[in-house]
Every structure is written in C-alpha cells, then in structure tokens.
Amino acid sequence: MPVVSITLLPGYDQATQHRMVNAVANAVRSVIATPEAGTTVFINEVSTYRRDGKVFSEGRAAHPVASEVVRTFLQAMQSRDLGAAQLCLHPDFRMCFPGGVVMHSLPEMVAWAQLRYTRIAKQYEAFEESWQGDSTVVYCHGTLQGTWLDGQTFEGIRFIDRMVIQDGLITRQDVWNDLAEHRKP
Amino acid sequence: MPVVSITLLPGYDQATQHRMVNAVANAVRSVIATPEAGTTVFINEVSTYRRDGKVFSEGRAAHPVASEVVRTFLQAMQSRDLGAAQLCLHPDFRMCFPGGVVMHSLPEMVAWAQLRYTRIAKQYEAFEESWQGDSTVVYCHGTLQGTWLDGQTFEGIRFIDRMVIQDGLITRQDVWNDLAEHRKP
Amino acid sequence: MPVVSITLLPGYDQATQHRMVNAVANAVRSVIATPEAGTTVFINEVSTYRRDGKVFSEGRAAHPVASEVVRTFLQAMQSRDLGAAQLCLHPDFRMCFPGGVVMHSLPEMVAWAQLRYTRIAKQYEAFEESWQGDSTVVYCHGTLQGTWLDGQTFEGIRFIDRMVIQDGLITRQDVWNDLAEHRKP
Amino acid sequence: MPVVSITLLPGYDQATQHRMVNAVANAVRSVIATPEAGTTVFINEVSTYRRDGKVFSEGRAAHPVASEVVRTFLQAMQSRDLGAAQLCLHPDFRMCFPGGVVMHSLPEMVAWAQLRYTRIAKQYEAFEESWQGDSTVVYCHGTLQGTWLDGQTFEGIRFIDRMVIQDGLITRQDVWNDLAEHRKP
Amino acid sequence: MPVVSITLLPGYDQATQHRMVNAVANAVRSVIATPEAGTTVFINEVSTYRRDGKVFSEGRAAHPVASEVVRTFLQAMQSRDLGAAQLCLHPDFRMCFPGGVVMHSLPEMVAWAQLRYTRIAKQYEAFEESWQGDSTVVYCHGTLQGTWLDGQTFEGIRFIDRMVIQDGLITRQDVWNDLAEHRKP
Amino acid sequence: MPVVSITLLPGYDQATQHRMVNAVANAVRSVIATPEAGTTVFINEVSTYRRDGKVFSEGRAAHPVASEVVRTFLQAMQSRDLGAAQLCLHPDFRMCFPGGVVMHSLPEMVAWAQLRYTRIAKQYEAFEESWQGDSTVVYCHGTLQGTWLDGQTFEGIRFIDRMVIQDGLITRQDVWNDLAEHRKP
C-alpha cells in the first residue's frame, strides 16, 4: 500500500536510481507486510533545492555497491593479488579469523594462512547487505574448497564473512568457517 | 539531499512509523553519500487509497521486528524453553550447525548439543538485519561461554548466526562458531 | 503506472472519497493503456488551503451521484409520483421524446404518453455517466415493457435515455426507443 | 479546491498529457461541486519508477481518443468505405439496430439498410465519452438525413449511437433512432 | 501557476497555519508575476518526520507576529508604561533617534524626549514586515501628533520606525521623522 | 522541520528559482522558529498544468528584483541621469519628501532639492524587501553626504527611503532623513 516518493537533485545515473528504489522498497517491506504488487517507489528529480540556507544544484556522489566491493576484494585475495585487494581496504582495516586471530595487514594474513592450507577458494551462496546508515555491513557465505598442507583436498566446508564498508572501503572483516571441524588433528 | 515521502494508510502505530522512517533513511544512505543532516524522511497518511481497482481503508499489518524475533528465540533456547522457542519457528524450519549438520527440530538439536557441551550461553555483540523484500535475514554475532562435557568452562569463543525470517517466523538458522578451534581433540 | 494524488480539504465522507478515487482512476485509464494493477489513486487531506488570496477551511459540497438522481426520477415517473419526480428537475427542464416531441412539464408528458400506451416500465441494463465538467450526462438504456392502448402487452422493446444533470438536477431528458418499430399501424 | 498531481513516467506526448489533465479535472468535478477556477491538475514526470518488484523506464501506450475512433468509423460507413470502417472494429464486434436487429458484419448491415433507405447521412450534435475503466463507451447523437426507398427525402430525424471501445477498437454498436416514427407505413 | 505544498508536523494552530500560507504566497508572488487566482498554497501535516537522524513528533514553536510585538511596544511607550514596553525588548536592545542619537534604555529615551516635546502619539499608516530569515524587520510609518515644550500642539508630522525582531523580541529600533522640519528654531 | 515543495511550470531560469526558494524559506521562518538546518525548500517542475479550465505550458514572467530596481533608480538620481531614473517609474509615480512635500515628477524634485543642497550622495546600509502580494515595498536606509548651499559639506546624516514597486516599476517613494536636524537655521 505504500507509495514512496524520493526527491533527489538531478544527475544520478540510472543504475544508482534503480539501486535506490529497490533498496527503499526492501526497507519499507521489512517493516510492513505489504506485497511487492502493493509497493510503489519512484524518484522525482527537482530543479532547485535549498537546505540549511544553501542552494544545491548537484547531488552527492553515489556509493559504490558495497557487496561488489567485497566481491572484488575476495576475488583479489583468492588470486593472491594483494595489490588489488589492498585498494579495497580502509586505512583502519582490521580482520579477525577463526580462533579469534586478529590481523591488520594482508601479508600478515597470507603468512597465517600458509600454516593452514596451501590453496583455498570460495564458492559464494549469497551476498547480503545490512544498511546501518553510516556504514554497510556485507555478509557473504558459501563453501570453501582447497588443499590442506598435507596435499589432501577439501570442499564444501561452510564459511561466512562479515565485512564493514565505509565510504566504499572495507574497515573490518570477520571470518567464521568450519575448517577446524574438518581439519585432522 | 533526498527528501523521502512515504504515503501510508492510517493506522500504523508510532513505533512502526519510526522503524519505517529509520529503515528508509538507512536504505537511501546505503546508495548515496548523503549525511544524516541532509536526509529527510516523513510519513504522510492518506484518507483513501485505491490500487488495482480496490479501495483500501486500512493498511497491512506491521511485521514484528525481525531481530527481536531472533533474540526471543535465542533467549528461549538458552534457557531450554523449547515451547517458547518453537513459537518463533516456521513450519518449514531448518537449521544448519558447524560441520554442516542439518536438523529440523529443536529436540534433535538439543540432543546433538548434549554430545558437545553441557551448558552454553551467548553474549551478543550485534544484531544486524538485511532486508530482502519477501524475507529479512538477521545476523547475530558475539561470543559463547559454557561448559565442556569434561566440566571445563570456556568463554569468548566467537559465533555468528544467520536467521531467515518470513512473516515473523524463522525459516532457517545457520550457525558458525569457533568451538572446534578450541575443543580439545 | 500512474500515481495520482488528490489533495482535498478535510470533511468529505468516505463514500464521496471512494467515488472520487474511482472516477479519477477511470479518467486516467481512458487515456493511457494502464491496467488496474498499475493505477494508484489516493486522497490526501490538507489542514490549510489558500487559493486566490483566500484561506479555505472546508471543501465544497459533494454532488449527488448523477446516475442515482436519474434512477430516482425514472422510478418516480414509472409509479407516476409526479411530485417526487419534479424534485429531480431543474427549473429549465426540457425533454424530447421519439418523433422529436419537445415538452417542458411532467403533466404534459403524461398526457402525451396516455395516447400511446396505458402502462410502461423500464428494465435497466446500464447507467453510464459522461463527465463534462460543469454537467454530467447520464445515459440509461434497457428495455420497455407495458400495455398498448388496445390492451395488448409488450416487452423487450429497446430504449435509451440521455439526461443532463447540473448541480444535482436534471436539465434535459432525451428519449429514444423502438416503440414505433413495434407499434401496430 | 482540489489539487491533483498525476505522476507519470516520461514519454507521453503533449496531446496525451492535455487529454489526461482534462479528463481528470472532469472526473473530479463530477464528484464535488468545485468550479473550474478551483481545480488544479498537473502532471509530474518521474525519472525512475518501481512497482510490483519491477523498475519501469517507459510508460504504457496512450489509447487513441475513443470518440475519434467512433467518428472515423461513422464517416467510413457513411461513405460506404467498408474496408476503412472494418479497421475500427474489434474481432468480436456486434451491432444492434432499431427493432433489436443484431448483426455481426458490415456487409450484413449494409444489406439490411438497403431495404429501408437508399442513402443516409448523420449530422452530429455531440460525442460524449463514458469512462468505464477497461473500456470507454462513446455516445453520439444528432439527426439523420437521407432518402427513402420511394425516393422521398427526409432530414432532422433523431438518432443516438452507443459504441463500446476496447483497446482502440469498437466491440459493440447500439443504434436507436426515430426512423420508424417517420416511416410511412 | 505555482502550487506550494508545506509539509509540517502537526500541532500548529489555525492562526499560525493561516499566517504561513499567506506569507509563502506573498513570497512566491514577489518573485514571479502570478496573480492571486493562480497561486495555491496548502499545508500538509505529516504523522512522522525524521531529519538528521532524529525522529520528531512535534513542531517548533510559532513566532509571535513581529508587527504585533512592535505595535504592543509602541502602544506601551505611548502610554509611558515602561514596564510593559521593556518586556518587548531583547537584552541587547539599541535604539537610534533623529540626529543619530543612540540610546540603550527606555528611561534614557524618555529623558531625551522630555527635552523635545511634552506629549507625543503615533497615528499608524502601515506595519510592513521584511523577513530576513533569522530576524524580521518591521517598518511602521504614519504621523505624529503631540505638544511642543512651549505648549503648542502639532499633528500630521511624518515618522517611520524600523524595528528588528529576533525570537519575538526587539533588538533594534531606528526612528526617522520630520519633527526637526517643523520645530521652531 | 518544514519541507516546502514548489510546483512550477518549466522555464524559469536558475537565478529566479534561487530567489524563490530563498524567499519562501524566509517566509516560512518568519512564522515558525525553525532553524535553517531544518528548513528544506525545493522546486519541482511539472510537464503539464491545468487550472481554471486552461492548460498552461509556460510560466508567468519573473519580476525584476525589486530592490535592484530601487538601487538602479537611486544611482541614476544621484548622477542626475533623469532619463534613466524615469525608466524605473510607474506612470502614477508620487513621491513625498521631508516636511511632507509631495511631488510627481523628477524635474520638480530636482528643483526642490536645489534649494537645499548643491550635491548629495547616499551610502547604503541595507535594502530590505517587504512582500505584500500585489506589490513589494523596498526599504533602503543609510547615510547621506553632500554639500550645503553655503559650500559646507556634510556626511553621515541618516536617511531612509520607502519605495513601492508594482510590476517592476516604482509607484511611490517616501523619504525621511535627518537633514533638518543638522541644517543650520
């Protein structure tokens, strides 16, 4: 039943406008039990906008899609392109791996991983975003496949990553997985 | 810069309206880099509403807050009140625990857990919702504390739960934690 | 695809508001090929309204439903309750009957009819309104049944009435029917 | 007093937009007693529109003007251009003439008419549309002039046509007139 | 041609709403050459409002009418009710009288005036407000009548006052008049 | 807290739109105690507009800025360019100078002034507009400097002008100043 009108300054490209109407429709539907058919969202571009005593003629930049930032980072890590991966990280980046291992740099993490497996790849099941206002949390889960240190391979091992994105950069990565459940003691 | 007007039928209580303006503000801010100060959202109640050839006079029900459904469920499980916990579950409920153990009923899960620890409690760090349209995914992470089967206690062990909520009921629970990292072999 | 917002002063009853959203939806759909499912109309009541230098606090009266005025008039005529029928008529009322017979008063019409049949009744198939701005034209068609002057009965004879309604009163009635096709010479 | 805002996707030409604001103004004024001076209608084009889970970027087609379809058809019939007339008809076309004569094809009708007059033309007094949502009913009335089978001419004989238009095609024509009142027995 | 919609939180009384639609209509008409008949302003009360991360449920207070504050002050001064006059003044009040005489307190001004006339009264021709955002400037002009020190009376002497109002209090009064033109040397 | 949407026909240039959002923001803030940060005004251009039975496709002309008309006039007068000054005047122009001297033509005024000073110039402190609907009153105050008839110079003498502007032309000028306070008898 809701009709949502979003008034924006002109200049946002079509992809950004589509993201916005979809995001807002999902936000509304998370609160009331309205079906898709009853949910209308549109964007109305205004020609002049004044707030806080200032007249604006152009909107703020669009954020990159947070889950795409995460996907780019994970792909770069998988192919061990640490340079590309580093570009996705905020200066204050901090990661936490199974066992509560906290690290701050990618080389540090690579060194840590080398003691656990020789190769690893992620099969993604879903990327899900949680919009927190100043940041977006991206959750990504799926299964791991790879090779243990002893040369044996594994696959189908569950994992989940939680990434916090601010201004298009990852500030925090938390990783959980079932590797320890499957690792031979 | 955005001004968002949400047109609703009257009858939603204040708490629901607050949830909605907050959710929509977060959705908008996940897409464009607008500060809180530049984000305006309001709800406009209309007196008559017609869509799809029908005139509506009352809005759809509000969903219960998904993360509160999850919290209620987790609290009930912790105090082993299976009856209360069951009320939060969808008939098609399915859970998946570390190691990829899939179960469908709470007693089944309790039996499984009894082989692993004698007592467990969750310290929550955050509940985060991801709004998917027809469902809401609630992520809850924090640390576990409890007692192993041998009587030794543990605490500070990381966990994360992913819960899918539809129409106010949990259809799926996925659990990851570091218990295996800490369990004595 | 259209979303129509009608801003009104408060005070119109629910039936009037329903008529208005239905009328507007039909008007919109007469112009573009949008299905019912894609047509949204709502009424927004404002608290203060200023136009032409005047502040209004109450809306104009609702018109009576034009097709109901016509139905009331036709029922009154059928039961020869000329007093009730007269109440539906504008002072400038003028009617035109088959053969181009123009009359201005109900007794005149009754006298004219008595030379043609002794009893007549209308079976309505449809009342359809054409909204002209300052007036509404109501078309009513169906079949006639009754008794000829020679005592023979008739039925199923097609008729159509065109009535012009202004400010809730009928200013003009035009009648066509097939009586002459069936009348014995 | 009403202010009506019609939100549309961009792309409708000016003539269509004019028809729409006029139609909606008439619809509103059929319900409440507001003068033209107090009736404001405008069209607001939005840049992105989402309904029923789909994002639309272009509006639905405009319907042809129903009363112009009827006028085109009647003109073609008058000049006995059955090919042009046929283009205005829906495959399920059905017509009903004075005396309740039901026919389905134009040649059938022409044959029937040849037994009644040798030539006929219509003088239009008004075309009036009744908007029914899925269809538009067009009423056209005026006078007939022509030549009887015996060579005598007639003129000023009242007629009315009721045409149902769906998706720009005539599905039904109902005709009433006073020919029988004037026809020599 | 403009249609102005003012969205407010509920709770403003009718007088305040009337002032607002009138003020906004005048503001709009100061910029474009639209007649009163073409200027529509209405107030739409919303049920929930969120800006800058906060949800508001009640609007800000209405300002007292600036020109009424000035009138109250001038009346109190005329009847030498300095207590009542003082209530209209901001702590930083400053006044400037003909000849460029700057004073800060009412007794100071009364003493100054006693050297010029024994009695004075103002006949108001107009109060006009200039809205400056954080303050409102009220201009009041008309004529003075009174008694000179020598007992002779005067009347019809032009004056104008300029008053700056902030938060309902007068921060500054500037006075010009023709007394010196008429004063006997 | 207010959000003001101004619906206009397209075609107004950016400067006019900026004037309008600023004027309307000031008008709103003159009535309620809302800070700049909480005041949002935007202009929405519509594509088709119907009022009073007419469809408009272009907005009315913008008024020249009233205070700029006044400034232009005062500058022209100061440099005794009577031709340029005259272009700013309405045919019904009327002025009133200190002592209540009423004049209707510029040469008349110049002659009058020549009996009082040989040269005069204005130092402006502020131009303030009061929007009255059909007219705008511009107040301009500051100080005068110039040369008396006896060759002595003066400066810092307070003045205020009140100008009424209609359709971009000055219909009335009222002048007050302290010249008489300073003039040697």
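By letter and in written order, the chains are A, B, C, D, E and F; residue numbering begins at 1 in each of them.
Just so we're on the same page, a residue touches a chain if its C-beta (ideal position, glycine included) is under 8 Å from a C-beta of that chain, and two chains touch if they have at least 3 such contacts.
The structure displayed is predicted, hence computed values, not measured ones.
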Chain labels contacting chain A and also chain F: B, D
Chain B onto chain E, rotation angle from CA fit, given as a multiple of 5 degrees: 120
Most distant chain from chain A by Cα centroid: C
Distance-maximising chain from chain D - centres being C-alpha averages: E
Whole-Å gap between the CA centroids of chain C and chain E: 57
Centre-to-centre distance between chain E and chain D (centres being mean Cα positions), rounded to whole Å: 62
Residue numbers of chain F (touch at least two other chains): 3, 5, 7, 20, 25, 36-37, 40, 42, 44, 49, 51-53, 133
Pairwise touch network: line, ring, star, complete, or other: other
Chain-chain contacts as defined at top: A-B, A-C, A-D, A-F, B-C, B-E, B-F, C-D, C-E, D-E, D-F, E-F
Parts of chain F lying in touch with chain D, wherever the complex brings them together: 7, 44, 46-53, 55, 57
Residues of chain E that touch chain F when the two form their complex: 1-9, 12, 16, 19-20, 23-34, 36-38, 49, 51-52, 56, 59-63, 66, 96, 98-100, 128-134, 136-137, 139, 141, 156-160, 162, 167, 174, 176-178, 180-182, 185
Interface residues, chain C side, partner chain A - complex: 3, 37, 40, 42
Contacting residues of chain F [partner chain A, same complex]: 5, 10, 14, 17-18, 20-22, 25, 36-37, 39-45
